[in-house]
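Okay, so chain A shows up in both of these, paired with chain B first and chain C after.
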Partner chain A sequence: MANKKVNKKDIAKLLNQWRQQFTVLAPSKENGVAQMAEWDGKDTSFLDWYRNTVIPPKASFLPPMEEMFRFQKDKEGYHIELPPTNEHKQLIFGIRPCDARAMTILDMTFEEAYQDPYYLSRRKNAVLVGLGCTNPCESCFCTSMGVSPTESTNVDLMLTDIGDQFLIEVVTDKGKELIAKASGLKEATKDDEAKAKETKETSYNKITRKLDTEGIVDKLQASFDDEGFWEQTAAKCISCGICTLLCPTCYCFDINDELVRGEGTRFRSWDSCGFPVYTKMPMENPRLEKWRRVRQKVCHKFEFYPMTFNVIACTGCGRCIRLCPVNWDITQVLESVPVKTGVRK
Partner chain B sequence: MTATDISHRKKFFALGNVYLPHIVVIEKIIEETPGVRTFHFNFKDKKLGKEFSFESGQFGQYSVFGIGEAPFCISSSPTRRDHLEFTAQRVGRVTNALHRLGAGAELGFRGPYGNSFPLDFLKSKNLVFVGGGIGLAPLRSLIWNVIDNRNKYKKIDIIYGARSPADLCFKYDLDAWGKDKTVNMVTTVDKGDDTWKGKVGVVPKILEEVAPSAREAVAIVCGPPIMIRFTFPVLEKLGFTPKQMLTTLEKRMKCGIGKCGRCNIGNIYVCRDGPVFSYAQIKNFVSSEY
Partner chain C sequence: MEQKLRQEAKALLEQGKVDWIIGFEPGSLKFTTTPLITKDKNDADRLVINPFIVNNLADFLPEIKGRVGIVAKGCDSRSIVSLIQDNKVVREDVVILAVPCPGIIDLSKVERLVGKDRDELDDVTREGDKVIIKVNGKKKEFPVTEVLFDHCLACELPTPQEYDILLGEPRPPAPNLEVSGKDIENLKGLTPEQRWEFWGNELSRCIRCYACRNVCPACYCQRCFVEETEPQWVMPVPRWQDNLLFQIVRNIHVAGRCTDCGECERVCPVNIPLRSLTREMYDMVDELFHFKAGMDKEALPLMTHYEQEEAEDFFR
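Let's look at the complex of A and B:
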């Protein structure tokens, strides 16, 4: 399908058409924190202030807290039922390419072997409408992670800024349906395409932070037991967990029960390998020392995930750099992994 | 040891959802030692109980509703399916709650999860079981499994120890194996008492004394991490190669199926890729993460 375009001032109209069928989520500031939240039908001011959300879009698929099932006891014993679901038909408008890529990375874990029904049903029913970055942050290093700030993969539709309008690329069949249901779109011209190409090139070159990941798996393997390096790396970290909780590719969760007046709920909530209790067993804790936890975070993304799924579980979104209270910087850490000969394995 | 194909297990999920437990009923509780109890249980839905199958080494996630879930291996043998068993030491929130329950109480159960002891690999071999404390739980599922198929295996040595005579678990099994002429049963305690007539000494030391041959043998080692750490070097001295040593690992677990992230050692998830490992698979991690 040929590419389309839409006037920036008509975005509200477009979203309202999609709102007939989907819960439309768009960048929004809740208590000052940027995140994808249900769109109110009017406000498109995010087009001016939005660079990226603080809370990554994974929250719409793996919520910070969600009910897994309910249980109740009566004379016959325990009964279990699933929570009432709405269909979770979400349209995420404005997801950045790095975060869309993160969803593809998360899919690997949740689809592998045992399928995760909660995550996957939301994922299956959702559509992603991407919006290319024209004003990336200093902390972004997506281009080093194989992501371009305007690329049209991992989404259903992709929008690129071409002045007063957005060019719309149709990426998937789901995207095709979205376009078919929308009125008021125009065909993109050769000129529009040329402008989009220019936007993409300029944006790409705005990413100045670089990370060389060549041979990173081997390097990390060889340095796994280098306690000195890890201790130094972890020194200033205060184990707040931000860099993992708000990382778009982190998925660790905890499971707990709650019982209120005989009504029980089992729920899961985001968790972080940065917290000491994460691995705590009654008699021992294999990651009591902070450096072991920092090592786990780094190696999970850059060593273990590639070993299992053949992709690095980092998209260069830069959140862990921007949001860390003590300026811990993953690109610096990875650049300083000692080069050792003789791989551990 | 081998990644398990789970496709056949899907039909067993409660309401088609892997996180939902089935209801099981505690039928009997055995006090093994002060603080360690074995729970006999069956599925509340008899039909499900018939459909349920598992292999030695696999584990389940058990719910005390309102408190939470904890993983325990199924400590009974798949060759003895009158009921299922697991054994729990009272150490945390869930196990404390478990120990307050009596026969007739209902639990949630999901599973079986994880891989299992590689019976094909063990076939026609001499088997050396090395266990410590409550670590006998996963071993006894396999030991009964092997004894119930006795002609498939060669010599059987069992070296089992605990801190004191009062800390020995599964005394009824130790008795039965002691009487079995086809089994060499050695029981030891770190510290004896007036009535103790067995061996005295930590498990690795007694293993060195018993000195089972490594020829066509496999050692299966389960117990507290400290015992495991000191047992592997003894086995190596006796000529066992890392591939001839098996163990089960324990980690904090939540999901049990490789999703929640917390049970990893390197790129291995103990819940999904274990809990049974050969020493060859994990020896690089023993110093650092285990």
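Let's look at the complex of A and C:
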């Protein structure tokens, strides 16, 4: 399908059409922190302030906490009640390319490695409408992670800023359906295409933070037992959960039961390998020392994930850098991994 | 000040007076610094002192083995003293490199003031009582009180009292409680029901990253009550009720040890105004027990001792 375009001032109209069928989520600061939240039907001021959200869009698929089921206990035993089936027809408007790629990375765990019904029920019914970056953050390094700040690979529709309008690329069948349901869109002209190309180039060149990932798996393997390096790397980390809980590709969760007078709920909630009590429930945490936990975080993303799925589990969104209480910078850490010969097997 | 710090730090390591230096070096983003924790005397040249040395480095002391030379602003020095009072740190094992502190710049306030994110600013510099913010090549000037952290505006001890090496001219305290306590006063003006609603809303954002706890020098428990499972005091899921309970209990646990360093509020990734709780607790401790944390290393810790006149009537 040929590309379309929409006036920026008509975005509300467009979203309202989609709102007939979907729960539309868009960037919002309403609740005190930037995140994807249910759109109110009128406010498009995010088009002015939005760079990226603090809470990654993964929260719409793997929420910070959710009820897995409820249960009752009586003389006969346990009775289980599943949560009401919800179609979760979410349309995420304005997802950034880095975060859209993160969703593809999460699919590898929740769909390929095993089938997670909670995640997949949301994911299957969702559509992603991407919005290319024109004003990336200082901490962004997507271009080093194989993501361009305006690319359309992991979304259904992709919008690119061309002045008073957005160019719309139709990427998937789901995207085609969305377009079919929308009125008031115009065909993109050659001129629009040229402008979009220019925006894309300019945005790409605005990313100044770079990370060289050449041979990173081998380097990390060779340095796995270098306790001195990891201790030094971990020294200033305070073992909080910011860089993992708010990373768009991190997916660890914890499961807890709450039982009150025979009525119970099983919850799952975000967890982090950075916490000293991680995996405390089934066993002791094998990574008691801080440096082992920091090593786990780095290696999971840059060594184990590539070995399992052939992709690095980092998209360069930069959240872990800009939100870290001590400015622990993943790009600096990876650049400082010692180059060693004699790969550990 | 910076030159003197570098020389002193280098000398301390060279002469074997300390095993470690903990200070600040330039961070990887604009207007940031990052903790430098090192044994290497050559690293001393990277040490900096500037209006962005946000972290309370006392947080690292309990976990570091050996003698430590540590850079401390006023509030940080109080946290060190508090740790000494609690027997978490041995006085002889620390060399306090004291920074007379003119206040730290709160970049969130700067962002609100000029309507730009921090990485979009060309420059932020302090000149005496003024701060000069350069955006899009244009300079804007503001009174520095508009951009300092609230806890800096309330600072009672800008220059450490307990120190080994003083790095500059001592600065007298000049607290501006009216400005620094505005948010808390506003909250006090609400009805209890309104306050309950306010905190319910704020705490509903909490993601239980525990950054507020882990960054806090007063929170040094090996096993925090939130992580106890037998019995389970609070659910580890981020429900607002559990989040509120976590903060309330945390506040009670740091009462008498919280020095109002402001770190918990600064690091919260979802902007929960935690200082409105911690500072209120700080003032209550002062009012009820005439106790200010970390002011006197000989004083007995608030929660471990008891005086006759503290007793409630029903207690006597």
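By definition in this document, the second predicted complex is superposed on the first by the 332 of 345 C-alpha atoms of A that agree within 3 Å, B and C clash if a C-alpha of one lies under 4 Å from a C-alpha of the other, contacts with A are read in each partner's own complex, and residues count from 1 in each chain.
What we mean here is this: a contact is a pair of C-beta atoms (placed from the backbone, for glycine too) under 8 Å apart; a residue touches a chain by one contact, two chains touch by 3 or more.
Remember, predicted model here, so these are calculated numbers, not experimental data.
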- Specify the outcome, clash or fit, for chain B and chain C once both structures are aligned onto chain A. fit
- Could you say whether A:Ile179 touches chain B, chain C, both of them, or neither, answering first, second, both or neither? neither
- Message: Under the stated touch criterion, which partner chain does A:Asp225 make contact with: chain B (first), chain C (second), both, or neither?
- Response: first
- Message: Contacts for A:Leu120 in the overlay, against chain B (first) and chain C (second): which applies, first, second, both or neither?
- Response: neither
- Task: With the two complexes superposed on chain A, say which partner A:Asn256 touches: chain B (first), chain C (second), both, or neither.
- Result: both
- Considering only C-alpha centres, what angle arises at chain A between the directions to chain B and chain C, nearest 10 degrees? 90
- Task: Please work out whether A:Phe110 is in contact with chain B alone, chain C alone, both, or neither, and reply first, second, both or neither.
- Result: first
- Item | Least Cα gap, in Å, left between chain B and chain C after the two complexes are fitted on chain A | 6
- Across the two complexes, what residues of chain A are contacted by chain B and by chain C? 254, 256, 258, 280-281
- Note on the structure: In their shared complex, chain A is touched by residues of chain B numbered 6, 14-21, 23, 44, 63, 65-69, 91-92, 95, 106, 108, 224-225, 250-252, 254-255, 257-262, 264, 266-267, 272, 284, 287-290
- Where on chain C is chain A touching in the complex? 27-30, 32-37, 55, 59-60, 63, 117, 119-120, 201-202, 204-205, 207-211, 214-215, 227, 229, 235-239, 263, 266-267, 269-272
- Per the touch rule above, chain A residues touching chain B in the complex are 68-69, 71, 73, 77-78, 80, 82, 109-110, 112-118, 224-225, 251-259, 264, 266, 268, 271, 273, 278-284, 286-287, 292, 296, 299-300, 303-305, 307-308, 344-345
- chain A residues within the chain C interface of the complex: 31-33, 51, 54-55, 64-65, 135, 137-139, 235-236, 238-242, 245-246, 254, 256, 258, 267, 269-270, 272, 275, 277, 280-281, 290, 321-323, 325-329, 331-332
